[in-house]
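There are structures below to look over.
What follows is chain A paired twice: with chain B in the first complex and chain C in the second.
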Partner chain A sequence: MLRKDLRLELRSGESTLALLALSMLVLVVLVFALDAGRVRSVDVAAGALWVAMVFAGMLGANRALLAERDNGAIRGLLLSPLDPGTLYAAKLAAALIFMAVAEVGAVILMVLFFNLEFDVSIARLAPILALGAIGFSALATLLSAITGRTRGGDMLLPILAVPIFVPALIAGVKASAAALAGVPLDSMGQWLKIMVAFDVLFVTAGYLLFEHVVGEN
Partner chain B sequence: MSAPVVETHRLAKTYGLSPVLREVELRLMPGAGAYVIGGNGAGKSTLLRILAGLEAPSDGYALVFGQDTRKVAARYRRRIGVMAHQSFLYPNLTARENLEFYGELYSLPDPRASAELWLERVGLAEVADSRERTFSRGMEQRLSAARAMLPEPALLLLDEPFASLDHDGVEIIASLIRSAIERGAAVIATAHAIPEIEGVDFAAYEISHGRMQPHLHKEEVRRGGRIRSLLGR
Partner chain C sequence: MNSAIRNGLGYVTLALMIVALFMVFDYVPPEAEQGIAQLIFYFHVPLAWVAFASFGIVAIAGIFYLWLGDKLWDDLGYAAAETGMVFCTLMIVAGSIWAKPIWGTWWTWDSRLTTTFILWLMYGGYLMLRASADDTPQVARFGAVIGVVAALDVPIVIASVRLWRTIHPAVLVTKQGGHGLEDPRMVATLLVCLAAFTVLWAWLLMLRFTQLRTRSRMSALAVRIAFADAALSDSK
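The block that comes next holds the complex of A and B.
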């Protein structure tokens, strides 16, 4: 499944380009909209990074399921011996890869636009962004399966996903700002625990519920 | 005595207040075929979707391989091949890649070899490396048939399998259906009219106003002046 999705993406490149363009747009807008002289640059940068990631994550999750809507391919998958939980895992993995690509691009742009340095603080971001990507991808993949079947589903996804993601989003922003300011990871325990709990909850929920949201019964 | 592959009892389906299927009774043994004919919106596709497990009946039940269609285990889904109005194919994959993908989904021992074989069987070997989105409707239909029959299922549910096919395409699909019957598969095919498949004697049923009339004699259908054959005879 994942190999098929990556092959399709490599052929079109639509998702990757869209994700990178969206990340760049968000960061450019925020760097000019926010007065970097009034707030700490790392706080602004962390917030801007997460805004870009959330938008990119929604796009990535939507794209991961888009291929299955052509020619009713999702029905072909549901009719096959493929376990729906495995289908969810494959879609989650695809969404995660898309989001990871966007994250790498967003981090590079963030460093450039907010005049940060490519140093150890950027490396400290990696586990925080990974946790955020897993949680958001898990949530967005599950919700995308629901909203994709409704009229106006593309608009519905952010309306549903963002409020649910708020706890992990706040934790991610706080942890990211702290990491960029030089705080060691083991001092961010409370934020990381929130993110881990979110990830476990929504990966499990997605695996168990996916069959019921994609099926027509 | 072998068990029926398909069995329904008082099968009904209602969408909102509109009954689409009413008290459908069907029993199909291995190696047997059935045509289900009817006009647009008669309920033919709905019947197949229920048998495929894509929809649940509103009343009654449907069994395939003795399993309730609402919860068919994976090992039985492996034995069902479905051809629907939608092809279930990926437009940006080639014909070969589409079949290899489904071969892997169905855990075939050699998906690539199976894909090659079925592309040959449906007359698409020369366009194996063309993307599906470049195909005509008839070519797509052939590839969809290959996808459905690739794992050599014991039950084939074919929704208007001859639609959009030229004469050669109809002959190919008819030949594949005949081969499936000969190896013991059960086949249910829907159509607007009864197609002729040489060497195969299918039972014929007609759905009208949601009710399926069993054992409708094909000669009566012919004498009724309905469209005789998609083969142009």
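The block that comes next holds the complex of A and C.
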């Protein structure tokens, strides 16, 4: 499992780059759409960051399993003694690493584009974004195993994933906006609790349900 | 036998609907403050109940399908998702028509509205998945997984959205113990409407379920015929 992870990571220099580029483009679009140069709103910056994250995450999840499908490797993996839960964990870890890299890039760009300061409030974003990334990767990894095998799958992934991700999205945007406004982490406990609950639930659900979606027939 | 129950349900639906319409438009007094718009309530609440019941069935059928693998459960889940979607859409439309005169807006991002809308999106996704794929056991498993995942998400959606904002009127029983329906005729009308819509829903669900069952059986039969043909041509 670990070896698979590392192999994926090494191979995917281009995919991480694509994620970064996509996050950047989303931020650029939002800067123009919201005329952010003049507004300079902390709320807008937090929202933009999460939009970038959702889009980048979607792309990452689509790619993570695509690599396995292209050369039929998924069948080999299923025949190997790995149980589907472990396979899921490996895929989740890979998606998470991609997202983490993209997020670090997106945060730096956000600070630059929205005229924010690099200070402690940016550091407070880290746990919030990490929780969001775990939840999103957990969900997207499970769902991309589904959508990757249906017609029009690339379109279906966001249609299925985004509504389910909404609670973590609400909590994440609220917590991020609060963090950027200088609120310390311990006074946004409720939002963080929702994100933790989401993460625990979907990592567990993904682990248990993955065997039902990767099996042949 | 089955079709007798189905037809019976259809007639009961018709009769109850006529009674319900009569009660709503002629019998029940409109609520003093909201006037005639409040009558929508008698459709909105039953629609909401059957929509949520359908989504509950999708989740339960999903669990049973993953557990037992019987196609019956998948057909039930699919039928429930479709009927649920119809009623959920009607509920949102009815609520919207009520909200315009009462809240002064068609839509607002209140917690219950948001939760319902998110549910609607989730099951819309479920149906899009089913529509874009063939009816294989694999797709049935996909549907079951999504049904289960969506149901798991509901409590978190409710928690997060409630923390976000709420203005929806309390559902039936408020903390003070009153339920806002002062007149016993209102309660009676609501109960009749609930019964009418529940029967209508059960009828539609059953129709669709039977249809899907027939389709599953026919495709199973087609597979057997194909095998039999192959066996015959082999032996020649």
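Assume the second predicted complex is superposed on the first by the 199 of 217 C-alpha atoms of A that agree within 3 Å, B and C clash if a C-alpha of one lies under 4 Å from a C-alpha of the other, contacts with A are read in each partner's own complex, and residues count from 1 in each chain.
In this section, contacts are C-beta pairs under 8 Å (C-beta built on N, C-alpha and C of every residue); 3 or more make two chains touch, one makes a residue touch a chain.
The model shown is predicted, which means the values in this text are computed figures rather than measured ones.
Visitor: Tell me which partner A:P167 touches in the superposition: chain B (first), chain C (second), both or neither.
Guide: second
Visitor: Per the contact definition in the header, classify A:M24: touching chain B only (first), chain C only (second), both, or neither.
Guide: neither
Visitor: In the overlay, answer first, second, both or neither for which of chain B and chain C A:F198 touches.
Guide: In the superposition, A:F198 touches chain C alone.
Visitor: Could you tell me if A:D83 is touching chain B, chain C, both of them or neither one (first, second, both, neither)?
Guide: first
Visitor: Just to be sure I read the superposition right, which of the two partners does A:L34 touch: chain B = first, chain C = second, or both, or neither?
Guide: A:L34: touches no partner chain.
Visitor: Any idea whether chain B or chain C touches more of chain A?
Guide: Of chain B and chain C, the partner in contact with more residues of chain A is C.
Visitor: Considering only touches as defined above, state whether A:L185 meets chain B (first), chain C (second), both or neither.
Guide: Neither: A:L185 stays clear of chain B and chain C.
Visitor: Of the residues on chain A, which ones does chain B touch that chain C also touches?
Guide: Correct list for chain A: 215-217.
Visitor: Quick check on the complex: what are the chain A residues that touch chain C?
Guide: That would be residues 139, 142-143, 146-147, 149-152, 156, 159-160, 162-164, 166-168, 170-171, 174, 190-191, 194, 197-198, 201-202, 205, 209, 212-213, 215-217 of chain A.
Visitor: Would you tell me which residues of chain B are touching chain A in their complex?
Guide: 49, 52-56, 70, 74-75, 77-78, 80, 82, 84, 86-93, 97, 101-102, 105-107, 132, 147
Visitor: For chain A, which residues are in contact with chain B within the complex?
Guide: 4, 7-8, 11-12, 67, 70-73, 75-83, 215-217
Visitor: Give the list of chain C residues in touch with chain A in this complex.
Guide: Listed in rising order, the residues of chain C that touch chain A are 66, 118, 121-122, 124-126, 128-129, 132-133, 136-139, 141-142, 144-146, 148-150, 152-153, 156-157, 159-161, 163-164.
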